[in-house]
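Here it is, the structure, as C-alpha cells.
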Amino acid sequence: MKILLLYFEPFGSDSCNSGAELASLLSDECGGAELIKRQLPVSFRRAFAQAAGHIDCERPDMIVCLGQAGGRASINPERIAVNMAKSSTPDNDGYVAAGERLVAGAPDAYFTNVAVEEMAAELRAAGYPCFVSNSAGTFVCNSLFYNLRHHYPTIPVAFVHIPLTPAQAAARTSTTPSMASTVAAGALTLALTRLAQD
Amino acid sequence: MKILLLYFEPFGSDSCNSGAELASLLSDECGGAELIKRQLPVSFRRAFAQAAGHIDCERPDMIVCLGQAGGRASINPERIAVNMAKSSTPDNDGYVAAGERLVAGAPDAYFTNVAVEEMAAELRAAGYPCFVSNSAGTFVCNSLFYNLRHHYPTIPVAFVHIPLTPAQAAARTSTTPSMASTVAAGALTLALTRLAQD
Amino acid sequence: MKILLLYFEPFGSDSCNSGAELASLLSDECGGAELIKRQLPVSFRRAFAQAAGHIDCERPDMIVCLGQAGGRASINPERIAVNMAKSSTPDNDGYVAAGERLVAGAPDAYFTNVAVEEMAAELRAAGYPCFVSNSAGTFVCNSLFYNLRHHYPTIPVAFVHIPLTPAQAAARTSTTPSMASTVAAGALTLALTRLAQD
Amino acid sequence: MKILLLYFEPFGSDSCNSGAELASLLSDECGGAELIKRQLPVSFRRAFAQAAGHIDCERPDMIVCLGQAGGRASINPERIAVNMAKSSTPDNDGYVAAGERLVAGAPDAYFTNVAVEEMAAELRAAGYPCFVSNSAGTFVCNSLFYNLRHHYPTIPVAFVHIPLTPAQAAARTSTTPSMASTVAAGALTLALTRLAQD
C-alpha cells in the first residue's frame, strides 16, 4: 500500500510549518505502507496543481494531508471540505480570496471518505488529544482538501490539522496552544498504521 | 548547590499530575546542582507542612515548585503569591476554602524572589513557550507558594505552573491545551541550570 | 413579504433560550416584512417536522432561524449545513445522535442561499459583532438548517447562532461570553430589514 | 455619601473606552450616594496624579475605578493590586514599563478593601456575569489601583474591569467577547447602590 503524505511550506513570516516538521519525523515505511512525502506551496493557485502532479506520478492508494492550524490545541482530522475560497490574509503568492467557488458548478462540500471519528477515538484511547473538526476553514488547506476530494473521488483523502510547534508558540502569546512534533508524529504514526490496515 | 523540587500528587479524578510526570523526567543532577524531588499532597492543610519537613531536613539553597494548571497553554512561572485560600472544588482532603487568609496578620502577597522574567525570556529564546503569570490562583498551589515565601523568606522560591499532559487533554475537549512532559522537562532543565548558576 | 422566524425552546437545564429571548424582542413587522415567529423543540426528530408544518401553513418568502450557541462571543450567520447528526449530549427527547446522515442519499452539505457575508459586514459596520461561521455543528440546529435547505431549496434560509444571554453566562464561568438580547435584537432587526429589501 | 468614580480616556487607536461609556450611563445619584465622575489619562505618570487631585478636592467616602479589559467576557472586580509596572505596549504617553516597582519600599501588593466576593455574588444572583479576578495586570489600571490603595489606605477602593463594548468587538474578531454598556451600567448601578449602603 502506498500513502501520499502532503504538507505545506512555512506560511507568512514563520520559518517552519508544524505539518512539515511532523512529516520529517515520520518513517518512510509506516505500518506496512510506503509513505511518499511531498511538500506543497501555501498557494491557492499552485498547491493542488502540484499535488495532482504527485498523484498522477505516484498513483497512491490513499492521501493524507497535514495542515498547520494556529490557535488549535489538538490534532484535528477534518470532517468536510467546502467549495469556497475566502481569506483575510494573503497566501504565499500574495493572493487574497474573496469568497469565490473553488470549482464552478461542483457540490457545496464533500465529507472526507476516511473514517475519521474512529481514527480520532483510537488516538484518544492511546493518549493523543485528537478530535474531529467540522471546519477546515476557507484558506489554502481547505482548497487542497476540496480539490482532492472533487478530482480524485475514489482515493481516500484525510486532512489533518496540527497545532503550532512549541517554538512557534514561544514567539506568540501565553495562551497560544502548541504540540510537540514528536507527540504529533506518534499520533500520526498510529493513525497511518491503522489506515494502512483498512 | 541543592535545589528542592516540589510537585503534587494527582488531583481529583486524574490518575497523574503533569508536574509529577515532568519531575520524574528530570535528572537528579541538573546544571551542577543536586536536585531533591519530593511529592506533596493536594491539601491546603498538609502540603506546606510536608514541604516544611523536607526543607528542615534537606536545607536546600533554592526551592522550585511545579503545579499542574488545567487550561493553560504555556509554562508559567508565577510572579506573586497571595494570602488567601478560596476554592470552588474540594482539595484531595475534601476541603473547600471559603476565602480565608492563609496566615493571619501577614502581608497580602509576596512577589517571587527569583528572576522569573529573565528565566521566561531565556526559555522563549530557546523555543519553549514560557510566560510569567500574574496569578497562581487561590487553591493549594498558591497556598504552598505563599507559605514558602512567608516562612522561608531568605530561600529563593520559584513556582512554575505546567499545562496538562497530552494524555490528560485527550480525556477532555478539543480546545484543552497540553504540553508533552518531555518538552516541559527540557524547559525546566534549562531553567534549573540557569538558576543553579545564579 | 413574509419572513418565518424559527427559534428554539430552552435546552437542557436552562430556563431560557437566547434565540427565543431575542425573538420576543422583535416587532411583528420588520422593515416592511411581516414576521411570523414560531418556537421549535430541541429535538432531532421533531424540530424540522414542526418547522415544515409552519412553512406549509404560512408559505413564507424567507426563513430565518435563531440558534443558541454557548461559548460563542458574536452573532454568527452560518455558511453551511451538513448532512450529519452527531452529538455528545442528548437532545430534549433524550436522543444522542451517533453520526448518521440526516437525509440518506442527499448531498453532504448545502451552503446558505442568503448573502451572509454582506449581512455580517453591514452589521459590523453598524457596530454589531457579527461574523460568518463555517460550522453550525452537528446538533439539532444544524439538523434543522440542513433539512430546510434540502426540502425547501427555493426558499432563502439563514441560520444565525446567538451567544448566551448575560443571565445565562452569570450562571456559568468568568470566561463565558454573552450578548444582551437587546443588542442581538438590534442586530437582527437591521439584518431582517436588509433581507426584506432584497 | 460621596463616591468618586474614576474611568479612563480611550486607549491606543480606540475611539472610545468601555469604562467611560459605562460611566456616562450612570446617574449622578446612585442608591442615595452622590456620584462624582472623573476621566483619567491612560498614563502611568499622570493617571494617579490626576486622581489624587480629585480625591483631595472632593474628599470622597469611597472610590470606584472602571477599567477596560479587552478579551474579558465578564465584569471583574479585582482582588489585588501589585507593586509593579510592566507593559508590552506603550501607554498613551508612549511609555513602556520595564517591570519596575510603582512605589519603592512599599508592600508587594494590596488586597482591595471592598467586599468584592459578596458584590460579585449579588450581581450574579441578579443575572449579571460578574466574577472576582485575581489579577488587574501590570499596566496603567493596576498602577492606579495600587497607588490608590497605598496612598489612601483608609478609603475603600474597588477596581472593576469591564469587557469591550459590542462596537469595539465588531472591529476585532469573531471570538472577542463584549458587553453592552447598558448591561454593565445596570450591574454597576446595583453594585454602587449596595456599596452606598455599607
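Lettered A, B, C and D in written order, each chain numbered from 1.
In the analysis below, contacts are C-beta pairs under 8 Å (C-beta built on N, C-alpha and C of every residue); 3 or more make two chains touch, one makes a residue touch a chain.
Just so it is clear, the structure is predicted and the values come from calculations on it, not from any experiment.
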Reference chain A; chain at largest CA-centroid distance: D
Chain A and chain C, separation of their C-alpha mean positions in angstrom: 30
Interchain centroid distance [CA atoms averaged], chain B/chain C, Å: 45
Centre-of-Cα separation between chain B and chain A, whole angstrom: 36
Touching two or more other chains - residue numbers and ranges from chain B: none
Overall pattern in which the protein chains touch one another (line/ring/star/complete/other): ring
Residues on chain B engaged by chain D in the complex (per definition of touch): 79-80, 82-84, 86, 99, 107-111, 117, 134-135, 137-138
Interfacial residue positions of chain D with respect to chain C in the complex: 72-74, 76, 123-124, 127-131, 133, 166-167, 169-180, 182-183
